[in-house]
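Shown next, in structure tokens, is the structure this report addresses.
For clarity, chains are labelled A, B, C, D, E and F in written order, and residue numbers in each chain start from 1.
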Amino acid sequence: MKKPLNVWGLSALLLPALLLALPAFADDAAAPAAAAAAAAAAAPPKLDSGDTAWMLSSTALVLLMTIPGLALFYAGMVRKKNVLATMMQSFAITCIVTIVWTVAGYSIAFTTGNAYFGDFSRILLNNIGGFIAKGNDTQAFVLASGIKDVADMSTTIPETVYMMFQMTFAIITPALICGAFADRMKFSALCIFITLWSLLVYSPIAHWVWAPSGWANQLGVLDFAGGTVVHINAGIAGLVCALVLGKRVGYGSDNMAPYNLAYAVIGASLLWVGWFGFNAGSATAANGRAGMAMTVTQIATAAAALGWMFAEWITKGKPSVLGAISGAVAGLVAITPASGFVLPGGSIVIGVAAGVICFWSATSLKHMLGYDDSLDAFGVHCIGGIVGALLTGVFSYGPLSATDASPDGSPGGLDQLKLQAIGVCSTLVYSAVMTFILLMVTKALVGLRVDAEEEREGLDIVLHGEQVL
Amino acid sequence: MKKPLNVWGLSALLLPALLLALPAFADDAAAPAAAAAAAAAAAPPKLDSGDTAWMLSSTALVLLMTIPGLALFYAGMVRKKNVLATMMQSFAITCIVTIVWTVAGYSIAFTTGNAYFGDFSRILLNNIGGFIAKGNDTQAFVLASGIKDVADMSTTIPETVYMMFQMTFAIITPALICGAFADRMKFSALCIFITLWSLLVYSPIAHWVWAPSGWANQLGVLDFAGGTVVHINAGIAGLVCALVLGKRVGYGSDNMAPYNLAYAVIGASLLWVGWFGFNAGSATAANGRAGMAMTVTQIATAAAALGWMFAEWITKGKPSVLGAISGAVAGLVAITPASGFVLPGGSIVIGVAAGVICFWSATSLKHMLGYDDSLDAFGVHCIGGIVGALLTGVFSYGPLSATDASPDGSPGGLDQLKLQAIGVCSTLVYSAVMTFILLMVTKALVGLRVDAEEEREGLDIVLHGEQVL
Amino acid sequence: MKKPLNVWGLSALLLPALLLALPAFADDAAAPAAAAAAAAAAAPPKLDSGDTAWMLSSTALVLLMTIPGLALFYAGMVRKKNVLATMMQSFAITCIVTIVWTVAGYSIAFTTGNAYFGDFSRILLNNIGGFIAKGNDTQAFVLASGIKDVADMSTTIPETVYMMFQMTFAIITPALICGAFADRMKFSALCIFITLWSLLVYSPIAHWVWAPSGWANQLGVLDFAGGTVVHINAGIAGLVCALVLGKRVGYGSDNMAPYNLAYAVIGASLLWVGWFGFNAGSATAANGRAGMAMTVTQIATAAAALGWMFAEWITKGKPSVLGAISGAVAGLVAITPASGFVLPGGSIVIGVAAGVICFWSATSLKHMLGYDDSLDAFGVHCIGGIVGALLTGVFSYGPLSATDASPDGSPGGLDQLKLQAIGVCSTLVYSAVMTFILLMVTKALVGLRVDAEEEREGLDIVLHGEQVL
Amino acid sequence: MKLIMAIIKPFKLDDVREALTPLGVQGLTVSEVKGFGRQKGQTEIYRGAEYHVSFLPKIKIEVVVPDDLTDQVIEAITKAAHTGKIGDGKIFVMDIERAQRIRTGELDSEAL
Amino acid sequence: MKLIMAIIKPFKLDDVREALTPLGVQGLTVSEVKGFGRQKGQTEIYRGAEYHVSFLPKIKIEVVVPDDLTDQVIEAITKAAHTGKIGDGKIFVMDIERAQRIRTGELDSEAL
Amino acid sequence: MKLIMAIIKPFKLDDVREALTPLGVQGLTVSEVKGFGRQKGQTEIYRGAEYHVSFLPKIKIEVVVPDDLTDQVIEAITKAAHTGKIGDGKIFVMDIERAQRIRTGELDSEAL
């Protein structure tokens, strides 16, 4: 029988976040007002029902990626005794991050603040319904820069829809990390770690890259749908988790064959379908860019799946189902940062590269380096994300990102490649360091890992008192 | 070997409906004409492709809730021998209600009629394509009040889309009841009971609450997406079924542990995702109200899941997966009536309340009172629905429901709370009484329950001649 | 251990396609230019965000049909040892056809060319982003006829979206064939055969029926969403495969009961939900025709499921779950060609007819004729498709297909019925002959069938080195 | 010692276990098996094709007991597993030469 | 009576059952087991890691027969389960001291 | 020959198999079973209702060996399956009268 939950541990969670954020808060308290004033001067941006319709659908699609998509993808790859615990990780993270994002995460990510951290003007979603009258918003959401010389970003959808769409990204990112520490992390530790990580790693990096005031955004780093923010970030955090927690009991000797690859295939399929919302939804509109994003997503994914499949067929003699679906996920990851910037030709190259390189990282690199990243969160998401982020700098097609203010858009080339490398490296470093610190904090509070006998018995019965089948 | 189907039993079904409805029909035959006249006077309401797009997507999402969402949620919780029969219940109800709704259900619910019952102007969807010319409707659907002093409700979508969206609600409601009598009802009885129930319980209550001429609607009872119409209604019907059919053989002694909670997690996840269509779709437009409905749905669901999870963790020592997903469903239920009326703050309170109260009702109340509501249709849907319906009266935010005619909307307060209580009570009473009567009718026709030995052998093989795995 | 992949085999694939297509290419190289000129003359067609939103969602829905929908539907019906291989077929076909469609399939199907075959102006999606400026297409896609006296077809969406939507149709069609040769085809043979079939059978037939320059389209054959192009085509190809490959080892003596009908129910449910994108999406707009298409799809599906269910209940004594879901799929198939042309009344007739006739074909006809169509690709898709294609000619309602140019639309009647029969027959003949030839080519290259012992051991372990559970 | 192997109807397992505890039986091992016998199997229907499933789900209980308990155990099982309907199952008795508890190395009746 | 326990290849089950019926065998019990033996297992591949699966799926048949049927039953099983390939399986014979039918209480050869 | 039947903890299976190979054991048969014994089961919780699961997953190994190997095999299993915690399992030994290899018809110790 588990001892009842250590309640004060959880309530202590929000403190560090508040402390860390206070300076930002002080600096920028006046920003929202300024933004409002600026908005008032220009004609208020109009809502578009078609764009809103697509963003509502996209939000549903991205949520589908985590529950049940990722839950099944991961649960299908663990052993029988950990199936429910693995699904629970995705499900509980969905719930926890929803609350964290509502309370402070959204505000940290998407308000003006400074170049590193948003402000607290949307804490608890404060005033997010401010434009509502007669059942509709009177104007569309503007992602305010709040900074002189930096343009605001206008949308054609209500802020609630924008916030919800972004919430689904905030949900899936920490859920991806679970692949690295599957089969051995305590559930209480997971709750605490993910809360902290969401606030102090995910939200700030999202701010850097996607807020008009974020330093990476201003610098010109391209990341359409989250190659750095989501995948490199989650992947490197996974590697740190795998290293800090250590290998699974029996790693290398026991048969750790997947319990039910049929679940993994369903999961990968739902990830693929949901990713249309992820990438094409990142256009925040139902327009040609969304159409092109969907197109290149499909092509890169298929190319990567075939890349992995043929690489395995040639080197191992058989094309495995797990290989094909892993390749597809690698392709989805790699095209993510590029999806609003590249054309079909570039997407094939990105896909094949991702499929083959991730095949190598998940099957050879992992064994060479000897870490136990149970389900290849690092090998697929971090490596795939890096491939995609860098190749975005090569294949980016100007007209897709062109605007009135920047009529050339951001075409690929050496300059852009350098910017991409900066984005990749800073994400790697910040995420790795912070993940390590937060794991230490969590360890101090409740410990990270179940003990060896519990691990052998399986997390389902030990942590949750339930069993599958 | 089962004896071949008693065909005349089924054909006898429509009679009571016709009899009951005749007065309504006589009274209001002239109404549609009047409505048409009124519509002609004003400018014809324009179609909006964005709103239509969202409603088409929402319809798909709500269908996804029943098949495979609810089918999996329920099938994962029964024993192995009843898995297919449980899925069959959701699937067959989807088919049956589609036909019932087409033949008469829609007409009873959404035409003018009187305050209690629609009329028969849309029987067999008569003339639903009346505005079609050159492949599109020439004007949008108006939910006619047909009554002096009661305003029509205008939409921006074709009537077919409105009818289809509502059909998916008509489908899921009786499917929810199955949770209460799982593992023991005859399939022939289910077919008959559900047909009658859909016509004589669901459609009328939908008319009361959502038709402009419905008494509850006119009174000002708020139910955005079906707290009373769907959840309280299905939940109390479930309780009556559980009481009338009696406990499962072996209840309290046999191990009735769920067959495969992984299915239940997939099912709950699809319910969650699909519920975006349910709640945000109930705005019948892709606008700010839909965005806010999606937002509060997400927050309340997460809060309720965490509420149930922590309540269980604290009182039982372990947070179970079944607990987390049950809490999520409780939150989805509770936010349903409130979703177009409340802001994020209110949604957190509704969520936590639903999670904790439904935890208590499904784990303690049920054992105290001793009924066998197999999968907690009453404990989650009725109790959760009541929590939500009442709290809607507390947290309702005026501008979300304001219109030109009613510039204050329906703000929460004691008055509104009283109205909500009226809505709750009349649904409880009408649904309970009618469910009891219809069960008696069904019992007289074909009997309600399989015999004890068949029940022990399992419904899959006995009723359907098939087995899982 | 399998011998490593025969790589040259695959690279030989594109050759026949190129050869076959050369004449078409020569004839019509000038056509795209002409189309562009025509488009320039008229006002450029405007994009509509609502229509685009619905088509983006529809594309996601149709992809969901194949992965995981069809993958689960088929995998649930095979024996345990072939579950993963069956899922792999759907998944790999998704990847392969994506690339084939990108490289040449789309160009063959949807460019002008001649009456039988498109041209090569969109090879490798050449210039598909040509209208993109500032992140959006400057004008909507026009399906150019390039032929005097034949009108262009205008859409309100970007070409990328149109291409993607059509791609999902190109994916599911060959995946449907797999039902016929499940449990015994080599994976390498499948890769080669499907590549050829997609290019040389699917794309041309799609061109005949849906390109403005296609002969069947010009003749007036009606096929709203693919009764001939998708279902009759895949179904007859399946029959040819079943005949050429021969029966499964143990057919008629071994117990070939489905491994897990729960998977099949999930699959059928996702097919149903996804089919809303298939049929209502075929309106290429979020309008009244889409709404009516969704309506008749729902009604026909329910009617067919009940038709099959009651037919089985009456004749065999029990209504099986597999029967109900098979009936639903039969209904979905049959309403497909009719979905944009008929009203609810017609859809009920089409549904009931499909349910009862396909019940007969899958349970009696198959045994009478003695072929082993493992999962009834022919019995459900070809027969259901023929029922639907012919009845479209009976129930077609003029105003749904009316345009300015053709104010009567295409009402049902004897004339239309004859045209439908022509469409059906030419699809049957072309597809059957070509499928036979391509199977022979594939056989010559790598052989078609695993050997008897491998078949007995199961494709999962033999072909992919993996096992389920 | 004797190994008593009983094939019973699945839903009788809990009854049998409860009937044995008072006799001092402290352990037993259970497997899911499929039985073929006089009880006619079920007919399953797939797309209209009827399969006769000749094997029915049964539970096999294996319990090793000291010689002197044999009769009582057989009687208890017979009683608890009895429904009187065809397919109730069988009890078979075999001789066990040796028993050993892995944890302690205890032997024979000590080990049960 | 003898308990004949045969480990066979799964797809041979129906053949064996059909071979026994003519001999008058009216019941038997079947379990799914995993076998380790001379037959080398399969190689499964997961993300490039190859696992050698040493255990192969087999079917265990347990059938209790009167002493005089033993030889015929063994012969019938051997014939029906034979493919000549490695992994065909084994037949083991044990003595049964007592048998009882739960439904009727019939004993020994009456009970089979 | 003897049939050695061992009930062990599931995660010990590979250890036991590896311990037997050096002794010359060339085949064995494994089943998944559920055990009831001194080791108290687990508590599972469903919607707040606690079920006591009295049956725990165990592995049953059946291996037939020539008489003279019996002691060594028992010892090897005992050692490999030992954790010292309650629930480690039991070993039972029965006499086998006859063994036959289906593939070749070889008999008795030839057949193992």
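By our rule, contacts are C-beta pairs under 8 Å (C-beta built on N, C-alpha and C of every residue); 3 or more make two chains touch, one makes a residue touch a chain.
Just so it is clear, the structure is predicted and the values come from calculations on it, not from any experiment.
The minimum number of touch steps separating chain B from chain D is 1.
Averaged C-alpha coordinates give centres for chain D and chain E that are 18 Å from one another. Mean C-alpha positions place chain A and chain D at a centre distance of 53 Å. One finds 47 Å separating the Cα centroids of chain A and chain F.
Across the assembly, chain C contributes residues 1, 48-51, 53-54, 57, 255, 286, 316, 318, 320, 322, 465-467 that each touch 2 or more other chains. Of all residues in chain D, those that touch two or more other chains are 31, 44-46, 53, 94-95. Chain pairs that touch one another are A-B, A-C, A-E, A-F, B-C, B-D, B-F, C-D, C-E, D-E, D-F, E-F. Put simply, chain E touches chain F in their complex at residues 2, 6-8, 31-38, 54-55, 58, 60, 74, 77-78, 81-95. Residues of chain B that touch chain A in their complex: 48-51, 53-54, 57, 61, 257, 259-262, 265-266, 268-270, 272-274, 276-277, 280, 283, 285-292, 294-295, 298-299, 301-303, 305-306, 309-310, 313-322, 324-325, 328, 340, 343-345, 348, 397, 399-404, 409. Against chain B, in their complex, chain A makes its touches with residues 1-5, 7, 47-54, 56-57, 59-60, 63-64, 67-68, 71-72, 75, 83-85, 87-88, 91-92, 94-96, 98-99, 102, 124-125, 128-129, 131-137, 157-161, 163-164, 167, 187, 263, 286, 463-469. Interface of chain D with chain C (complex): residues 44-51, 53. Residue ranges of chain D in contact with chain F, taken from their complex: 3, 17, 26-31, 64, 94-103, 105, 111-112.
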